Structure formats: C-alpha cells, structure tokens
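Next come two complexes, and both contain subunit A; in the first it sits with subunit B, in the second with subunit C.
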Partner chain A sequence: MSGLTTGAGVILKGNRLNARTITAAALLFGALAAGPVRAQDFDADATINIGSLYEPQNLDNTAGAGQGINEAFNNNVYEALFRLADSGAVEPVLAKSYKVSDDGLTYTFTLQSGVKFHSGDPLTSKDVKFSIERVTSAESKSSRKNSLKPIASIETPDDATVVVKLSSRSISLPYNLSYVWIINDTATNLTATEDGTGPYELEDWRRGSSLALTRFDGYWGTKPSNGDVVFQYFTEATALNNALLTGSVDIITSVQSPDSLKQFQTNKDFTVAEGKSTTKLLLAYNDRVAPFDNVKVRKALARAVDDSKVLKAVWGDYGTLIGSMVPPTDPWYVDLTKTDAYDPASAKALLSEAGYPNGFSFTIDTPNYDPHPIAAQFLQTELAKVGVKVSINVITANEWYSKIYKAHDFQATLQEHVNHRDIVFYGNPDFYWGYNNPKVVDLIKQAEAGTTTDEQTTKLKEANQIIADDAASNWIYLYPQIVVSAKSVSGYPVNGLNSQFFAGGIKKAD
Partner chain B sequence: MPAILSYLSRRLIILLVSILVAAMVLFLLLRLLPGDPANALVSVGADPEQIEAARRQVGSDLPLSEQFIHFVSSLARFDLGNSFVSHAPVLPEIGKRLAVTVPLTLMSFTLAIVIALPLGIIAAVKADRWYGWLISVVSQFGIAVPVFWIGILLVTLFAVNLRFFPSGGFPSRGWQRPEAAFDSLVLPVITIAIVMSASLIRYVRSATQDVLGSDYLRTARALGASFSEALIRHGIRNGSVPVISIIGIELASTLLGAVVVERVFSLPGLGSMLLLGIEQRDYPNVQGVLFISTLLVLLIGFAADLTQRIIDPRLRGRAAGSSR
Partner chain C sequence: MTDMDLVNAVSEGRPRRSWTFTIGAVIVGLHLLVGLSTLFWTPYDPSAMSGGRLEVPSFEHLAGTDRLGRDLFTLIMIGSRIALTVGIGAVIIGGLIGITIGLIAAFASKTLDDMLAAGLDILIAFPTLLLAMLIVASSEGASLGTAIIAIGIANSAIVARLTRILAKRVLAMDYITASRISGTTWLGVVIIHILPNIWPTLLVNLALQFGLAVIAEASLSYLGLGAPPPNASWGRLLQEAQGTVYSAPFGAIAPGIALVSLVIGINLLADGLRDIADPTRRRRS
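Let's look at the complex of A and B:
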C-alpha cells in the first residue's frame, strides 16, 4: 500500500533515500559482475519494466504528488540545475557553471546551451526563474519550500544567466536546488502532463496501473541506453514479487520485507543489490510533555531497548544500527551507537534517579503499516523488562498527520523518516517532537550560514553529538535499501537517493 | 400497460430515494473518519501555513454544513468534482476504472452461472449419488474459503509456476491490446467465479429440490411427461424465480467484492480507486466511486425485480390485477 503520500524529498513512507557508500558500490559491483551483461550486448531500444509500490498521486512535485513522482520523473523527465547523484554527490546538470559572491549572498548560474524542452521550446533563464518561484509560491506543497526561504530575488540578465540573491547565507543552496525541477514557463496542467528537459518524455499514464516514458530524441545530454521505461505500479508487495518472478517486470525499486528475498537469492536468474538507505526507524517522544521532557527518562528508554533484536526481527540480516538521526552516508556522520547502548540495569537506575523507580506507562501511536506494528510490539516487550508499560495505539498515515504532526497530541510515536539530511528537524523547536535545545538550534543555523562545507560539517557533527547525548528520540535502526532485478538487466541505481531512480543508464541484454 | 408503468414509476422513486439516502450516509461516514484530506497533500517538513493552505484548497477548513451544501449542489448537477490529490476529474476516471471492473464482474458472473446451473441441478437431482453429494460438499467448502486465498493459490499455480497467465497487473495500454487485457483478467475471473459459483450451486440446488418436491411436477409426470421433460418445461422456469433474486444480490456483491480481488491482482479497477481514496481521505474520489457503485447496485436490483416479474406471471398479475 502506498501509505503516506508525501511531497518531494522529505518523505516518511518508503525507504529510498540513500547515499551510496563504498560498501554499497562494492556490493553493486560484485552483484553486477555476476550478471553476464557486457556493454555491447545490450539492446539499445529495449523497454525496461520497473515495478514499484509507489504510484505518484499526480505529476507535479509541488502539488502533493508523493515520493513516486521523484522515482519516475527526477532526472528522467525533469532535470534541475543540480542533481543528487546516487553516490550522494551534488552534480551540476542544467547549470553549466556557477559563481558565488564573496559575501555568499549572490549566486550567478550559467545555463547549459542547446537544451530543449519536450515541447520543443529552448531552455532560458526565465524558465529557471519560473520553476524556482513555483516551489516557493504560496500554493506550493513542496516540503523543500522552507529550505529555499533565504532566496530574496531571482534576476535574468540574459537568456543563459540566472542570478539568485539571498537574504542570508545558504551553503546548501545547490543541494536544495537539486529538488527544483526546471519546467517550461509556458507549461500548463502539470498535474497530468509534463514539459521537462530530461532524457525521457511522458508517453502515457494510467492511474492505478502504469506510467510509460519514451526516449526524447531532442535530448541535449547522453542518450539513454534503452528505448522506453515503463513504471508498473502494484498495491501489494506479493503481487509485485510475482511480477518479477514471472518476468512481467525487470526490476523492483525497493523490496520492503526480507522474507520475500529468499526466492530471489536462491534463484540465479535474479540479482539482489543492497545499498544503504537514509531511512531511520524512530521512536519519537513528545519531548514537551512529562515524563519525556526529562532527559534521564529518554536516556533510560534508549538503554532499555536492544535495537539489534528489533532490527533482526524486522529485517533479518539486513540493515544497520544507528546512534542518532545521521546515517553513515551524510557528511556529518559520527558513530554514536555507543551512546546509550543497550544496558537494562543502568536504564533502571536512571529511571529511579528520574523519580520513576517503579516505571511508568505511556502510549505509542503506531502507523498501521509495516514495520511499525511489529516494532511497537517489540518495544513493548523490551520496555516491560524495566517496568515501563506501553500501550499501542494503531493509527493510519492520514491520522498521523492530524494527530501527531499537526496537533502534537501524543506521548510517543513510531515513524520511519526517509528524509535526506534531516538532522535539521532537531533545530526546529516547533517540529512535532518538540525537541528544544537552544544550542542545537544555534548550531544548525550556523551550519547553514557557514562559508565552507567543512564548517557546515563541523557544526552539524557537534549538533549530532548533542542530540544523541540528549537522547532526543530513540533511533532504532537504519533500513537497508534493496533492489532486485532480473539478471539480464544492469546499470540501475542501488541507492535511489531522494527516492530517485535514474533510468537512463539501465541496460537490458539482448 | 398502465399497471407496469405505475410499477416502474414506484420502483424509480424508490431508486432515487435510495440514491439520495446513500449519498448522505456516505457524506457523513467519510467525515466521521479521523484525518484530513489535506494530509495527503503535505509531507514531513511542511510548515503550518502550508498545511492550512492545503486545507483551504480542499475545503476541509469549512464547516460541515457548508461542505454538505457544496456536495449536494454539485451532485444535483451530476458534477462529481476533481480528486483532491490527483486533481483529475472523478467521473472520467471512474469510467476508466469501470473498463476493468465491469468486464471482470460480468465475465466472473457468466462463468459462475455456467458452472453453477448444471452442477446445482445435478446436485439436487442426483443427491443420492456420490457425485451429487460431492458437489454439495465441495460447494460448501467453496463458500467457506476466502476469495483472496483462492486468488493467491491460483497465482502461485498458474502464474508463478506454470506461467500460463500474468500474475497481476493490467496492460499499460488497456483494452487497446485486447488479448493482453483479457489474459490479465483470466485468473481474477476464475477466482471470483469459483467463490461465486459455490454459493450459487447451493441456491440452485435448493431451488431445484423445492421444484422436485412440488405438486405440479408430479402432475406433469402423471400426465405422461418424462422426468427431464417435466423438469425442463416446468421446473426450470419455476426454480429460476428465487435464483434470479439471489443472482441479482450476488452480482451486486461481486461488483463490490471485486475490491479484494483487484487488490490481490493489482488491477486498476474501481476497488483500488476506492481503497486509495479512503486511505487519503480523498472525498471526491470516494464519494464518486461509492455513488456510482451504489447506483449500479440499485440498478441491478431493479433489473432483477423486473426480470422476475417477466418470468413469474403471478408477480406480474399482482401489479396488473389480472392473469395472463
């Protein structure tokens, strides 16, 4: 089921925000080396059938289209000034080059030449201005709207130049612009049609079933190594797995349960690639209310839960333990798994110190889709051992937004956070979990205003350490990212950062 | 003919009132669900202003009474509106979904009748033979088994292992590729037909048993008709009256039961539109689907009533006040 429908980039449901690490790259390479696809063997006009559980709700990433639209459209149909490569690096795409003024407040972008939209119109600076203003407009539902707030004005001195003026320094501007699709400024009806510059154009979209892309002959960049790409949408993971088993799809973009992997691992017709995701499972407390406003209580609960057991129960041998909100693929990662590691005896001691020698009881609002219910039961058992009684209240994704995200009417909630670079949420005291440490707020602000990425990294590492010491939330584990394909298919991204799935390099053997 | 006209107009009034009541009930039920349609449009990271803007856009910030006036007035104009989430007009989308659900329902239904009629009659006539008994037992089993389980079994056997049919999904070009579209409906059709014929067999069997024990059949036999002659000339017509009303109900429930089967087979039918709509609190889509399916169910009931009157002169006679 598609569960939470979410906007571009910042996503709850699903687990595809990853950055490729050396390990992941090695894994993919190893996996591909096993598949006998040589460069000259592929069919340059092949149709690649991609199976996914995440159908976009509409085709506009500023109109609440959900994560599926990033998967299907980012860098396939629409391009941005920059892109977040599968390696996690920010690379220029439609921006040929850019200059930053000494005060860091003026960015001058020079556009690639010879770029055409699918409608035939050439790309100009006016299209870029139009596209950025779509995301920052009042109607925009883009979750990236906030991060673009420093933009004060956009000027277009000539067709190939865009000048962005900022009201405050924003070291992440190129990164944030990778979320802004460049769209033809004359385009209309973008919830059902498109006019982008990407290597594919939209051929057909059947709601509830499939979205077909075909190679755009006027593409300015490298021609895709296949002819058509069809995203086929399933509502049921089992149906999707069967579709791969029977050959009606070539790739599954994200496998959600380890149980279904065995049938592919033991079958030599398939390739299983494991990348590292940035999806974290969190037990988020409402840090505003007692007893969770007490740091000792939060630390006690962190020590009371054996995270490795929960991970094993849900993901078998996959996934990674984390000690904070930052996954190993973010530049500001620090290994914090030792902070408040599993230690039920000291958990009990801390609870007594905090004034709860006999424990207490609280309710975990638990989304009704996997893996939350299982994980909640596990936490219930673990916490009972230190005398803390947990009631589980199952809610839908939609209710979660009303009750927890908006009304902050909860004690604790389980939630998967897919968001890339999302430590910044701890710098917002109004965020649903209500964590408020002025030092962290300040560090996160300073990091964004930093003059170098090194400075940004140093500040965020410091913030990262503090939220871990404060046990701001209980970070249970980091999801694995698993892509399964038929052996005849190669060249797909394993880490699908920001839910992306670049299709241009996919090759299918003859 | 005025009698049949007055029957028709009475029946139509009932139809209209039922539709109206159904519309109100579903309007209220939807809004009793916790949650907000605007939530489907925002994501973690959205600020309070963005959430409020989304609520204004979908109208969920308005008082219930105002929402209801909007709803009724657009319904009166046969305007089902646009989806909150996809922004697509609801009615054409339902049309596309019906292109999957209606063929699925009708084919399953036809197949179920083709299976159930002869088997039901045999089960009644040959109740004392082992195969008559076997049919009864197997049909009882068929009623007890959930439809999704049969679907999963069929997929495992005929799609995953034997590769006869696709395991799920619908061709991206739909009925423009009729063979592919048909292929993708084979397993779902068989799934529904198995479950549906199981219960139909029981009805046909008991209807046939009633006929077998009837006086008119004995009379026909006494007048020299052979058993099969008597059964075909008198039995089937009499026995079909209760069966038709059951068939009407079954057809309606198949239409709605397709929700489960569509999910198992990932078919883009009315059911998947409804489920997603409920998850997202996409009121226009849910209202549209429920309204159209309520309409269809009521129309099926209407058609079944009418058919019964045509077959059974006694019912006709009651309205017409005379015999044939």
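Let's look at the complex of A and C:
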C-alpha cells in the first residue's frame, strides 16, 4: 500500500489518479482544448451494471433480507432522515433540520419539502412515524431494533414535523435513524415491491439474477448522473471477475481476494480502488470460561500472534492492522496496534505468570469459508510456538449461529464482524463472547447518554482503550474494501460502510 | 474356476499379461511409499512457514508454497498418506459391512431378501457424497475418522448388492445342493464355495471403491467436512488454492495432479486385476 491510503480512499496502481481528479481535469481540459470536445464527459442516461455477490433474500430490510438490500436500496431507492455518508459522517437527508431539547429527550425533526414517493404520494410526518414503528415493531428482524429502544413515542403535530420522545438520552439517534428507511405509509407487499423517496425506483427484480433500478424523474434532490442501475448477482467470485473482464458489468462492489486483482491492475482498462471497510477479523474468546477469564492469558495470546503475517497471507498487500474493535473511520479510533504487539518472549512470560508455564490446549471453532480456515491454521502454528496447543473445529455458518452466538458453547472462535460502530457490543455482558467489565459497560452507557458528540467520543475512546488493555478479544486485522471498475466508470463510493453502495453519483463516459 | 486362475497367476509367478496392473501397481506403490515415508520424514515441517507467500516451484520448494508460506510438496506428500488411509479404511469398512449384508440377503427368506434389496437400492440411489455429508453432519464435528466411516458406509451398499447377486448365482449351482446333502453347514458353504468363487469379482469392485473413496474424501475435505486443518488433505489444499488460482495456479494444479494420479493408478490396478481374474479376457489376449 506504501502510504497510499489516506482519507476516504484512493485509487491504486492501475490508475494512479483519483477519479474525481480525472473528471475535474477532463472538464477543465474539455473547456480549454480545441476541437469538438463535449462539455459533459459522461453519458447522462447511461446504464450502470454493478456486479455483486450479495443478492438480497427479499426487498425489506426489516424482514431478514441480508446485507445485499443495503447495498442496492440504501439511498438509491429508499432514503432515511439521515444517511451514513461514504466518509463515515452522518448527514441529514429527509430531515431538513432538527432540534434537541435541553434534557436530550425530545428530538424535533423538520422534513424536507417537496419530497414525493415513487407512487406519487407526498412525504408527510405520518410516513416517518410509520417507518420508524415498522423497525421497532415486534415482527421486525432489523439488527438495529435494539438501538432504537430509547424511543418512547413519536408525535406528528403537522405534516412537516416529527417529534420523537425518548425514555433515555441517545446521542446516536440521528445515526441510528440512518438505518430506518422512510416508506410510504400506504405501501404494502414490501418484500417484493417498494415505495421510497430515493433517486431510483425499482424497475424489475429477477430473483437469482438481477435487480434493475431506473431514475425517478420526480426526485426532490440532485438528479443522478446516470439513467439506470442494474445490480447483477453472482454466486461465485471468479464468474463475477470474468463478467467485469468481458464488460457485462462495470463495477464489482467488493472484491474478496487480492489474487484476482492482478488481472485488473495490469490491465489499463480497469481501475482498482481501495477504501476503508468496517469488517474486522477477530479471534473471540469465551471470556466467561477458564483460562480466557484471565486477562494475562488473553494478553499473552495477543502477543504470541504476528498479525501482519496473517494479513499478508490472506490479503497480500491490502488491509490494515488494528489493535482493537474500532476501525480508523470511527471518530473514537485510537491507534492501539502497539498494545500487546507481537512479542512471543513476553507472551511466554505472561503465560507462566498466569499459571500456565507449559501452555494449555483449546479449540477454535472456525467457519468453513475463507479466510477463516487459513487464519485458524496460522494461529495454530503461532500459538504452538509459545506452548499453546490449538485444535481447529470447522463449522458452518448456521452452526456458528446456534452453537456460538446463541448457546455460547465454545472456547474461542474466529469470526469476521462487518458491523459499523460495533464497539458497543463490548458493553453487553450477554453478548456471545461474554466480556464483562463493569467500567466498559458504564462508559458505553454514558457515551450514549452524552450531551455532545465530543463527550460520546471521549467516553468511547476510554472504553476502547480498556478493551484493548484487557485484550478482550484478539483483533487480527481490518479487511480492505476494494472496488474494481471499468476505466470508463467513475464517481462510485469506495468505502464499504454498512455495505452501502450509493449509485447516484456514478458516471459513465460515452 | 476363476479364483484358482488368479491364484495361479499370482503364486506361480507366471508372467502377467496385464500391463495395466503393472502400471497401476507402480503408481499406487509410489503413493504408498511416499505416504508411509511422511510418518518419519518430510522435506519441511508441514506447519512451518518456510517460504514466502505463494512462491512458484523451485528447488527449495518443489511445488511452491501456499498463502502462509508452507511448503506445498510436504503437504501433498502428507496428502498421499491421508488419501490412502481413508481409501483403505473405507474399503475395509465398506467391504466388511457390504459382504456381510450381501451374504445375509443371499441366504435370507424371500421377504427379508426383498427388504434388504430395496433398502440397498434406496441407499445406492443416494449419491455417495450426500450420504457421507449426512453422516458427517450428524456426528460431533468432522474428523478423519468420521470421513472414513461415512465413505465406508456409503460404499458398503454397492458392495452388498454385488455380493448378494454373486452369492445367489453360486447358491443356484447343483454342487451347493450336493454339498448341503453331504452335510456341509451354511457357514461351510460360504467359506468353501461362495467366497472362493466370488472374491475375484469382489476384489476388482473393492479396488474401484478404493478409487471412489479417495475422490469422496477429497470432495468432503473440499467442502470442509473432511479431516480438519492442519490435516493436509488434497481436497482442502484444492479448496485453499481456489482463491489464488490466477496468481498461483500451481497451488491448485499440484494437489490436482496428485489426486488424479492416485485415482488413475487405482483404476489401472483394478482393470489389471480384472484382466487377470476374468478368464474370457485372458483368452482374448
């Protein structure tokens, strides 16, 4: 990577310039250069074909549709009061402005005017109330349901105003509301159809193959810089790569292995962009059971593993080392990679102090898909060097969910955690890994009840420092987020935050 | 009688007319030798990260290295041992269960025979791999042992059906009746008449089952249902090399060659056995 990754992500190798720079430069030179050069260098009615491995199960994000629905629909078909921008910032969308009462328990949102649903109905406060209540309802399977628990009531004094009353302070409310799609309150059959306010409306969904979106002419905001967007779904990465090579897709949203990248990096017709992801690979111990209830043991294991080697093995020159659960895109990121850095000698010493001079044995439950098995073998080899014997038990994703996530029947497990802002899981002693430090629980609670984001950031930084010092889990690395596209396409988001993929800004050259 | 011909062919050192048998025996023997040698020696420690990431084949690393920098040649050698262990284990289990059930069916009353035959047909209708997956999934975690048992049970149905048919054919012979009249017990009939008459055909079939077992083990390991890591099964090596097939194709080719060569070797061996055991074929050549 050689220091190339800064800010929101840069374009690598195949194209040494930032896409925006190219566009700007092209516009500039287009105006200056002699000859028949168009002022606009892209086709405003182009169809953008996006290749993805994540087909949604259905079209409703409160009905267990999977991450694919966020990719296709967030801010493309549905909008929320706020959105999590590609930079990680929370920006207002359908909420024009909002006020918070002094006690932090009443939020008053003023809605954008002139917003229309795809069915033609205007957006009113009743739609917002309906939409939030859909997510918090008993039937909802939304993963963010818990975060919206503080909402006590929603009032709609007039069509443009929504008043949300909370039972306790929740500084993340705007952030959490970015997960709540605003849906027309008369809409039905939302698992197969849609009625949102986004720049695109659903044209056609062919299950198992593609999801076609077309520009919504009544859109209230900035018009998309393309005409249609088609998400093409693949079940296999090689087929997806070939589709890009042969031109049947323009973009791959998220490349899952560095080794298929070579063919694009060496080819001038493609652009390889690396952004920031929120997906972390971690070895989570069951902190309830011996010997993992002992901080010294956990610290020793953290020091025994050279994370940079496994990152290199799995991702080549991509990816980032992390020292805790918080990725650099979060405001409460602190560089903790030096905490319990690789040091096998001190790992051995710590094990002796903890009462295991001859090491011990334990089993790592390992999901059966890449990169878990190879990472598990690496850990097995590394830990053997300090006398700790590891057995690997390969399990399926379903087994992981029932055995580990629900039954907590494990010693240690490897797992990738994709969620954004998931440090809060360490504040829940009932979570699968059973980490229970009252100080952290309290700090995370205080952070949520904070009056300013600064206060929230300070508290979460402190919590972050403690979980790292406690070696609550062994954070191995942060995945890279790699988007590959045809050279003619630009303006797509490079960061894979919350698996979103905003299509509105994508431009395709003529 | 067919059995005596094979025995003669082997024991009297008569020049074998089956070159397929020779080639097959050499290939399988080579794998056996390599597999056994890994018990005492390998070029590198199989878990040692002795090279860089995805190195190409060189004198230091004859088959290159994997993503963790482990020597692939070492892993493939160990893979021979695992493949042969599973093959032999599965054939022993499949043979014991299959021959026993087959003989019982052959001797049983019509009703029991029909039931067993129908049961075997149902079992055979299941793809071997699916059956093995069901057995592995219902046991406590995948291991080399569960893979052997699963593949063995899946194979036993085919062996049982064949044994049943072969034994029935022998049982219909007049000399069996004669033997029974002269006071031979049923067990005696099995040992004196049936097994000697059917074992050449069974042996060929078991050899083919061996090849299928090796493939089934590789498939199970490929799916993550075989021996858990770090057991270097060829199927798992193939699976791990899948993602890097563009940048390091040899990582997938090398275990592929090993697997194909062993299976071809076994099939040649089985072919050769049949040539030697089958009188109609021998007369032609």
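Everything that follows uses one rule, which is that the second predicted complex is superposed on the first by the 471 of 510 C-alpha atoms of A that agree within 3 Å, B and C clash if a C-alpha of one lies under 4 Å from a C-alpha of the other, contacts with A are read in each partner's own complex, and residues count from 1 in each chain.
Note that in this section a contact is a pair of C-beta atoms (placed from the backbone, for glycine too) under 8 Å apart; a residue touches a chain by one contact, two chains touch by 3 or more.
The shown structure was predicted, so the numbers you read here are calculated from the model rather than taken from an experiment.
Enquirer: May I ask you to decide whether A:A384 touches subunit B, subunit C, both, or neither, giving the answer as first, second, both or neither?
Expert: After superposition on chain A, A:A384 lies in contact with subunit C alone.
Enquirer: With both complexes overlaid on chain A, does A:L245 touch subunit B (first), subunit C (second), both or neither?
Expert: In the superposition, A:L245 contacts subunit B only.
Enquirer: Touch test for A:S257: subunit B only (first), subunit C only (second), both, or neither?
Expert: second
Enquirer: So, does A:T337 touch the first partner subunit B, the second partner subunit C, both, or neither?
Expert: neither
Enquirer: Given the touch rule stated above, what does A:T320 touch, subunit B (first), subunit C (second), both, or neither?
Expert: Neither: A:T320 stays clear of subunit B and subunit C.
Enquirer: Go through the superposed model and pick first if A:P373 touches only subunit B, second if only subunit C, both, or neither.
Expert: A:P373 sits against subunit C, while subunit B stays out of touch.
Enquirer: Count the residues of subunit A touched by subunit B and by subunit C, then name the partner with the higher count.
Expert: Partner with more touched residues of subunit A: B.
Enquirer: For A:K312, using the defined touch cut-off, is the partner it touches subunit B, subunit C, both, or neither? Pick first, second, both or neither.
Expert: After superposing on A, A:K312 lies in contact with subunit C but is clear of subunit B.
Enquirer: Does any part of subunit A touch subunit B in one structure and subunit C in the other, and if so which residues?
Expert: Dual-contact residues (subunit A): 238, 395-396.
Enquirer: Considering the complex alone, what residue numbers of subunit C touch subunit A?
Expert: 47-49, 53-54, 67-69, 141-142, 223-225, 228-230, 236, 240, 243-248
Enquirer: So in the complex, which bits of subunit A are touching subunit B?
Expert: 1-12, 57-58, 63-64, 138-141, 143-146, 191-192, 204, 206-210, 212, 230, 232-236, 238-240, 242-243, 245-246, 248, 395-399, 401-403, 405-406, 417, 419, 422, 425, 430
Enquirer: Report the residues of subunit A in contact with subunit C in the complex, numbered from low to high.
Expert: Answer in residue numbers: 237-238, 256-257, 259-260, 262-263, 309-310, 312-314, 316, 366, 368-370, 373-374, 376-378, 380-381, 384, 391-396.
Enquirer: For a test of understanding, state which residues of subunit B touch subunit A in their complex under the given definition.
Expert: 34-36, 39-48, 50-51, 53-54, 57, 85-88, 93, 96-97, 152, 155, 159-160, 163, 166-170, 172-174, 263-266, 268-269, 272-273, 275-276, 279-281
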